[in-house]
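Next come two complexes, and both contain chain A; in the first it sits with chain B, in the second with chain C.
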Partner chain A sequence: MDVILNLLPHLVNGLALGLLFALIALGFMLIVGVMELINLAHGSLFALGAYFAMSIIDPNLSYFGSFGDWYSALPLALRYVVALALAPALVALVGMGLEICMRRTYGKKAEYGLLLTYGAALVIEETIRITWGSAEQVMPIPDAVSGAFFAGGMIYSNYRFYAAFFALFMIIVVWLFLEKTPYGATIKAGAHDSEMVRALGVNLTRLRLLVFGLGASLSGIAGIILTPIWGLRPHVGVDVVIPAFLIIVVGGIGSFWGAVIAGVMVGLVVAFSGAYVSEWSMMSMYLLLIVVVTFRTRGLFGKKSALEN
Partner chain B sequence: MKSPFAISTPVFTRPMLLMFVVLGTFPLWGTSVGLYNYLGVEIIIWIIYALGFNLLLGYTGLPSFGHGAYFGIGAYAYSLCQLNVFESVWAGILLGAFAGGVAAGLAACFLSHRRGIYFALMTIAFGQVFWFIAIKWHTLTGGEDGLLNVYRGTLSLGPVDVSLKSNEALFYFAFAVLVVITLLLWRIVHSPYGKALQAIRMSEMRAGFVGYNVWLMKWSVFTLSGVIAGLAGSIFAIAQESAYPDVMSLHASGFIVMMTLIGGGFVSFWGPVIGAIIFFVARDFLGSLTETWLLWYGLMFMAVMLFKPEGIAGVWQDFMKKQKAKSAATPTSQTPKNSVAGE
Partner chain C sequence: MRNFTSKLMTGAATFAVVAAIATGSVPATAKPLLIGLTSDASGQYANSGASDRRGMLMAIEEFNAKGGVMGREIKTIHIDTETTPATGSRVAERMITREKVGFMIGAVSSGVANAISQVAQKYGVVYLNTNSSSPTESGKNCHRVKFVWDGNGKNFAQAAVQNAVNKYGKKWLLMTNDYVWGHNTSKATRQLAEAAGAKIIDEIMIPQGTRDFSSALLKIQQASPKVIAAAVGGDDQKAMRTQISQLDMGAKYAWINNQQDWPDVYGLPAKNLFGVFGTTWYYKFDLPGVEEFNAKYAKMYPDTKMKVPGNVFFNGYWATRSLLEAIEAAGTTENHAVIKQLENLRIPAATRMQHDDAFMNPNTHQMQQTIYLATANLASKDKDDMFQIVAHASPAAVNDASSNETCKLESMADTPKYTP
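The block that comes next holds the complex of A and B.
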């Protein structure tokens, strides 16, 4: 009984962390599922979303005179909500720009797309360094979600729970979008057989642009939610892109629930190993990947994909 | 049983001799054009590393995004050997190459039946595991700081002992290693084994149907590439007088991929050589102009990927083809060029 009580906080922590990991993987999953493209710039778009949000929440508006004063006087919570809506839209624009560059690589080997996004990741990261500096920064968060509470002799941070619930909310929204709207149906059809979808009169070029923009904005949202926990620095993207694709591979490429379940699994593994061998907690997820992929080549719920050729 | 009509591969070719002459004389002219000897050492080390890497990427078509791990393991093995076991440079280098090979061979056991993107993803995972171990195993690797007390020992060449203290001496030593590795790899890629590797790049399934043991070939080429990375890493440990986990990160592993591709590793044996030289010259040249040289290098890489994925060697080959077509059009055509020379 004592053992279970001791494990409970780690279980809660692991679940919360897992939902966050799943949120990170969502945008990545959408792009890899529909376009069969490993987007290594995912992490940089994540960082970009967070930087955009920080600038919107706490901008340097000295040029704008009275408007700047008026805006700075608005309550923090309101500015935060504005950032949560506006920053992902900006990231989506960047993502769409990237997609337009990517078009030349369609029809070639998948490695070309992967390498191009690697170059893009480097470029975005350096641009962040030029614009916002290399130092670690703090994203302001509203009072309503900061602070901590006590439960069962343990301290829990409010923000972690807010973030976990937000992640759950986003997972449900994306699922509803994919399953219950005609756009979602088209996107899923595009992932299944793009040739046929084009033959049915869908503008595949526009569909890909939309999917890439959507995926990019999801990475931006993940960045806004997660950087208050992980810290905001230009190379945060690298720390993020690897868990993201790890989760996709464990869950299986092209499977929505695979990604969510794998995210929760990774969260639990990291939390439990963190409790006992904290030094090595981040490595446990790679071991999980190696074990899963050794026994199930395509991940837990993966289907055959063109990426294997 | 050799057919009398078989095309034999020359041991030396014109581009190879050109590379040897240009690089081998670097200490004589490098300083007068504003470069320095240590840059030469770095370039040579990364050329060795990139040539070994291209055996995997360019010839077999297997993209590895975690190759920095084997380079770093070579550096650690050299340093640990020097600090704890033998002081001999030879022993350290052999051990470095061996350790790189063992680590790569171990990873390759899990990798060799993967294809395409799954292969790439698994190489990243293994690269990260090794990188993590390097950072966390403080008692062995010194954690994030690495091993700092490495010194440049003396190289015993039979009766003579040569001190590697000066960058010039180290340069000639690294260059000698490069010559051996180049001749070896040139031989390998033109052997039946090398041809089979290229068959795997074209179509893994067909190579299997023809009767090659694809798994074993992928395993062996990954391991061989790890051995060369470990060798390059151990020379890097001598040059830097330390071994640290930075070279094992995903970033550093990405650099070797970028170098190999910008130079044109897909179409030419010499692509990685060009790519490594460009990388370091760009680093020094752009780095002196702007602090964010990586931004410009990244843009250059994106442009190459978009417009000429065959890299600089591809541009050169197109140029030579055009020249040939031109000279063929005019009646006074010159003697045909050696086809291997353009490779």
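The block that comes next holds the complex of A and C.
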């Protein structure tokens, strides 16, 4: 019984962490799945979302006179909600701009796309540094989701559970969008066979723009949700790209639920290793990757390629 | 005849100029002295590296404003060491062999400092470890060419441990960043705590790059120690502090954070600055020269986010200034002469803006200085005035005796001569 009581907090923590990892991977998964492009700027877009949100929540509006005073006097929760809606939209615009730059690389070797997104990542990170400075920043969060609560003799962070539930909400929203709307159906069809989709009269250029914008905005949302836990600094995105990539490989490239389940698995592995073999906690997700890829090369839910048939 | 006289005069003047250049008495034509700045600009200690560099540049600016060192303008080259030891080695090798630097300054990560100093020793280039504080830097990894400017983990632990055992209790838990500084600092803390009667119930390793501390924090709650001694630095520490603060665990346990670098906490809310921690300097000291020093910083760096100098800046500044003063005192840039000067360095408290005289330990090459214990200044309305100093200890009180035993400096004869 004691063993179970000892394990239970880590299980709960692992599940919460896993949902956050899944949220990180969502935007990355969408772009890889549909466009077969590894977006190395994913982490920078993650950071950009957080910085946009911070500026919307706590802006310097001294130049705007009475409007500035009025906005600053709004409740933090309201400004936070505005940020949660507006910042991902701004990141989506940046993502769309990046997609337009990408167009000349389509149909060429994958390295072109990799290099371009890597370059974009560096440019975005440096732009953040110039605009917001390199010092650590703190994103304010509403009182309703801050603080802690007691359960079973342990203290848990309110914010972490809010973040996990928000991640779950976003996973469901994205799934509903992909499964239950005509846009989602088109995106999925584009992922399966883009040439056929084009032949059916779908504007593939616009579809790619939409997908990149959506993927970028999901990266931005993940940044807004995660940085109150991880802290906010220009290079925070570096911490994101590798786990995101790892999760979609473990889950199977292009598989929505594969990414979600892999995210939860990574969360559980990191949580338990962090508690019981802490020196292995960073390594544990890579060990998981090795185990999965050894026994199932295309990931847990990856589809067989034509070459395997 | 007039033509002959003119030629004679011209020849004499030319000879005089050549002779003056050869004897080094014409400063205007002297070759600039190139100093390699080996501070991190990316990775875990990017922020601290930038602060470190600002300190070095301010000292260099002061010297250049009065004509350089020995009449030689001081120029700098900076290459990012990326908070990665392998990069540190590569950067040092390149700086010495390709850029032909005269001296190298800068480090925050102990792993990087150790890597740089091995290369520096191979060529005989004097290297200043400004801000890395693993006890091994002036212990088993010491070198004749390396001088360590920061207080080390053992100095800080000595200042804090006995007091914490008496005040908070004997049930201790260690949190250790899983690399050389973390290991050695926790090792020193463990020795001192156990000697003071404490029992270490667990040690949680924190790999570098950890962003999620939830598992470790749950484990701490399950172990319920009285005191937690954390040797976690850089970005890892920022994330850790944020998450501890979110759980309101800052007040629940007594936290001893071995050392707290200014760039790691600047801008954080006061409630994130729980516990006590060590430092070597604070900009609010009521000591001679501090106000002028702060003003000079503000004038030179009006646009930097950090509006006041911190301990990392202070160490970067003093290391560089002391090196340049040592060169002037030696009257040469020849490494053996400069090393001898630095080994005998003494700086009065009033000059160094600390409470005790500081001096270089000639056996370990570590600067012996006042160590301060600080905590959050919760009453402050000034966002820069984040610390309050709760105690300070003299160099003798926090002496790291073990380094004297473990440090085996290479002999001068085994240190190649190098004259930039």
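Just so we're on the same page, the second predicted complex is superposed on the first by the 303 of 309 C-alpha atoms of A that agree within 3 Å, B and C clash if a C-alpha of one lies under 4 Å from a C-alpha of the other, contacts with A are read in each partner's own complex, and residues count from 1 in each chain.
The rule we apply is simple: contacts are C-beta pairs under 8 Å (C-beta built on N, C-alpha and C of every residue); 3 or more make two chains touch, one makes a residue touch a chain.
None of these values were measured; they are calculated from a predicted model.
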**Study point:** Three-chain arrangement built on chain A, chain B and chain C clash or fit
**Key:** clash
Exercise for review: Once the structures are superposed on A, label A:A83 by its partner contacts, choosing first (chain B), second (chain C), both or neither.
Suggested key: neither
**Study point:** Which superposed partner A:L116 touches (first chain B, second chain C, both, neither)
**Key:** first
Practice item. Based on the superposed arrangement, let me know which partner A:Q137 touches: chain B (first), chain C (second), both, or neither? Key: second
Check your understanding: Can A:L23 be said to touch chain B (first), chain C (second), both, or neither?
Key -> neither
Exercise for review: Identify the partner contact of A:K108: answer first if only chain B is touched, second if only chain C is, both if each is, neither if none is.
Suggested key: first
Check your understanding: Between chain B (first) and chain C (second), which does A:N6 come into contact with in this model arrangement: first, second, both, or neither?
Key -> second
Exercise for review: Have a look at where A:G147 lands relative to chain B and chain C in the superposition and call it first, second, both or neither.
Suggested key: second
Practice item. Check the residue A:L287 against both partner chains and state whether it touches chain B (first), chain C (second), both, or neither. Key: first
Review point. First (chain B), second (chain C), both or neither: which does A:F245 touch?
Key: first
Practice item. State the stretch of chain C that overlaps chain B in the combined model; pick it from 45-53, 117-125, 279-287 or 333-341. Key: 117-125
Exercise for review: List the residues of chain A that touch chain B in one complex and chain C in the other.
Suggested key: 279, 282-283
Point to revise | Residues of chain A touching chain B in the complex | key: 38, 101, 104-105, 108, 110-112, 114-116, 118-120, 122-123, 125-127, 129-130, 238, 242, 245-246, 249, 279-280, 282-283, 286-287, 289-290, 293-294, 297, 307-309
Point to revise | chain A-facing residues of chain C, complex | key: 42, 46-47, 50, 178, 204-212, 214-216, 218-219, 221-222, 235, 238-239, 242-243, 246-249, 252, 263-269, 272, 304-306
Revision key, fill the gap. Seen from chain A, its contact residues with chain C in the complex are 6, 9-10, 13, 16-17, 133-138, 146-148, 153-160, 228-231, 233, 235, 239, 270-275, 278-279, 281-283
Point to revise | Touching residues (chain side chain B, partner chain A) in the complex | key: 63, 110, 113-118, 120-122, 124-126, 128-129, 132-133, 136, 249-251, 254, 257-258, 261, 292, 294-295, 297-299, 301-302, 305-307, 309
